[in-house]
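In the two assemblies presented below, subunit A is common to both, partnered first by subunit B and then by subunit C.
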Partner chain A sequence: MDAAPRSAAPQGDGQSAPGERDPAQAARRRWMSVLAKAKLNELESAWEDLAQKPAYDWLRRPEVGMVMVRARTGGTGGRFNLGQMTVTRCALRLASGEAGLGYVQGRSKRHAELAALFDALLQDEGRRGELEDSVIAPLEASHLDRRTARSRKANSTKVNFFTMVRGENE
Partner chain B sequence: MALATSLNASGGIDTAELRPGLADPVHDSQHIFRGLLTALAHPGRPVTLPGDVAGPEPLDPATTAVALTLLDYDTPLWIDWIADTPPLRAYLKFHCGCPLVERSQDAAFGLVTDPENMPRLALFAQGRDQYPDSSASLLLQVPSLEEGPAVTLKGPGIRETATIRPAGLPDWFWNDWRLNAAQFPLGVDIFFTCGRSVVGLPRSILAEG
Partner chain C sequence: MYVAVKGGEQAILNSHKLIAEERRGDTEVPELSLAQIKEQMQLAVDRVMTEGSLYDRDLAALAIKQAQGDLLEAIFLLRAYRTTLTRFGESEPIDTSCMAVRRRISAAYKDLPGGQVLGPSYDYTHRLLDFALAAEEGVGAPEAEAAEAGVDESIPRVTDILNHEGLIEEETALDGDAGAVADLTREPLRFPAGRDLRLQNLARGDEGFLLALGYSTQRGYGRNHPFAGEIRLGEVAVEFVPEELGFPIELGEITVTECQMINQFAGSAGRPPQFTRGYGLSFGHCERKTMAMALVDRALRARELDETVEYPAQDEEFVLYHSDNVEASGFVQHLKLPHYVDFQSELQLIRSLRRRHDEEQQEAAE
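Coming up: the complex of A and B.
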């Protein structure tokens, strides 16, 4: 696939997170982030366990492309391009009308599809509470576990450097 | 180090009314592009475009198909006031990602759904002597391709003469077209669309009303 998510690059300027002011947007941001970071097999089993599976139409079939990831030194310094990242995205609409978006790292189209499906389902106020408890919370917990395990492993190999006074100026 | 990806989840696009684009973007747009080439190679001959796609009001399937095929992030688009609605803007931004410009002179493509009130042809980009390809291509969605006054076409791609009958064009249109054709190789190219058909009118064609 050569279709690049080209509209992705110039849009958000990375300056301010638009979801921070609007609570509904902040909540959606959170679950989209959790869905994007989840493992595919976890999402698959969450989908398997879902009682009513909705019918849906594609707005945009899954496509793979690149986005430029930007960073700031120390989180506050000047912005620079960290590098490009492979992203798969898709958009779909449920029969009930909600549109879901999936933006995930890597080339797994199924992952993007499931992320978009859960995103659409979570916009339904009636099902949100139940899905938050049964899907989002466990996915977030397991993501945190993986993250903690990785940082423990990294931390155990931490090396501290000291500079010895060499006394050249005395 | 804080990562700030440029991904904005919703991209500022209202997805509530959004309609789907081409069912199979790669192959459908290839077929549509082939159709457009045929339309330009045989000016005046109606070509039925494949890919049945229902765009937002007031676009016909052919107009939507051409827009989805030709527009992308480096084709600035100008749209006339009657088509300039939030659903249409959202649709083009989502599926094409094309920038929308206010001045018709800045646009690579012009999308006109109300030809009767469209700007004069000279108000679109005409290209420069060094780069005649930098002129605008206009998509004119007309109410009918068969019920308007007959116009005879002559030029490359037409053996003798061809006749088209697009309806809903302004009085000055064919006079402007003569001026447009006179400045060849500069000038705009036009696609008339209606329903699922498209008729090509490249700048090399002379018209007699």
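Coming up: the complex of A and C.
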């Protein structure tokens, strides 16, 4: 069955505007973002280390497609289409019932699959705390490390202007 | 008349084999890997992604390898590949004020909040060939310096600084994001073109063409007296609302270059003079491209700003119809396709013209 799994929406109203999201939605938003930005090898080893690997069925097999990236004129103005990016998506349901969704940049079906698996597992409140500590927090830290490393190198190229005194009978 | 329509298959097949061999080059030399192109030819990858209008570093690297480094051919390959993929939808607009900045410069202010961060740039090199790169043993693993801390988390836009005094026109979504956004991948060009359509066209437009047009405005063909208000390079998150969720999630991060060009004034009886803007944005690190794009974007706003449209860079039909190198290259290169029948008719025509010319000469002589 490749039908769109509407049931993959979190508890509560999946249609609410981004501004009025509930805490459960905010939490899921965060872990899905972390999973999407993680490196594939990090996800693989997190999966390797998982004690109980769940059985699952596909709701939508991994599919490579595109998303049109939009931007704003001048950064703040009207929207325009900048160009597209490759994205892979999939949806699956664990034997225990939770539906997980993977939407990740690029063309790695495995990345989408692992993101969807962890997304489903994280919806089980019994496992969430442990997965947060053992998977999400380390992935987030690792992403932040990469970002900080780049940023520190960039900051080494920041110009420090100094003023020279001139004239005035030195 | 019969025309030979068959017979080229073997020749074409053999031409494919020949190009495969030529592309490989001397087999004594190790074959180039996609990872090498992706990691060591990054700016070529960036251009191919921007003008191919598809952000995927691996595919762009493959296209460059397949095209033997002919970037326009690689752009064509990426555009063609795009048509095989399903489109899931449109992202939320990226927020360049939340960029993880790796380079940020302003030519308008020396000291400004966030500072001048030079980042990775050839601007400050001497442009002398560096023979160290030619050394047999290679360059090893060069290491950049790292400051104690990173760049400021949030760096204000130069245009926002000017905005505080009302000195520059404000850029806001007038329709509150209610209207449709023009999309060249779904509908053909239509005139007059809105700024959304123009910017999409320029974003994937040919760098060389836009560079020349931008240059022409500086040389007086559509003068708009530009300052590079701000150029920034870095990573931004792309958010998307999956149909299954109804709320936005991040798909990942892309590298973009943004150029805010500040230009001379516009004003009216009801509005005091203000700086005007031109905007450039690209995938990856395409700084020259975004600067040229911003110059041309500003020039194309002539009509909107009550300026006389008198030069090529201000003429939206001229610019937008000729900016796409896939179309341009296709139309120029189609001349290589067989035109045997066309040419036969031309031959008949010129022979009859010459006959008439000869007859008239003879009559005149008699």
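We take it that the second predicted complex is superposed on the first by the 130 of 170 C-alpha atoms of A that agree within 3 Å, B and C clash if a C-alpha of one lies under 4 Å from a C-alpha of the other, contacts with A are read in each partner's own complex, and residues count from 1 in each chain.
The criterion applied here is as follows: a contact is a pair of C-beta atoms (placed from the backbone, for glycine too) under 8 Å apart; a residue touches a chain by one contact, two chains touch by 3 or more.
Since we're looking at a predicted model, the values are computed, not measured.
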For A:Arg93 in the superposed arrangement: first (subunit B), second (subunit C), both or neither?
first
Under the stated touch criterion, which partner chain does A:Arg150 make contact with: subunit B (first), subunit C (second), both, or neither?
second
First (subunit B), second (subunit C), both or neither touched by A:Arg29
both
Check the residue A:Gly75 against both partner chains and state whether it touches subunit B (first), subunit C (second), both, or neither.
both
In the overlaid three-chain picture, which partner chain does A:Arg61 touch, first (subunit B) or second (subunit C), both, or neither?
first
Under the stated touch criterion, which partner chain does A:Leu101 make contact with: subunit B (first), subunit C (second), both, or neither?
both
In the superposition, subunit B vs subunit C on subunit A residues touched
C
Subunit A positions within both the subunit B interface and the subunit C interface are 6, 8-10, 13-14, 18, 25, 29, 32, 63, 67-76, 79, 82, 85, 87, 91, 101, 103
Within the complex, which stretch of subunit B touches subunit A?
1-12, 15-16, 18-21, 23-26, 72-73, 93-95, 97
Subunit A residues touching subunit B in their complex are 3, 6-14, 18-19, 25, 28-29, 32, 57-61, 63, 67-76, 79, 82, 85, 87, 91, 93, 97, 99, 101, 103
Within their complex, state which residues of subunit A touch subunit C.
4-6, 8-10, 13-16, 18, 21, 25, 29, 32-33, 36-37, 63-87, 89, 91, 101, 103-107, 147-159, 161
Which positions of subunit C touch subunit A when the two form their complex?
49-50, 53-56, 58-59, 82, 85-97, 100-103, 110-111, 115-120, 144-151, 157, 159-160, 170-175, 177, 181-185, 195-197, 199-200, 203-204, 235, 237-238, 240-254, 256, 258, 260, 277, 279, 281, 283
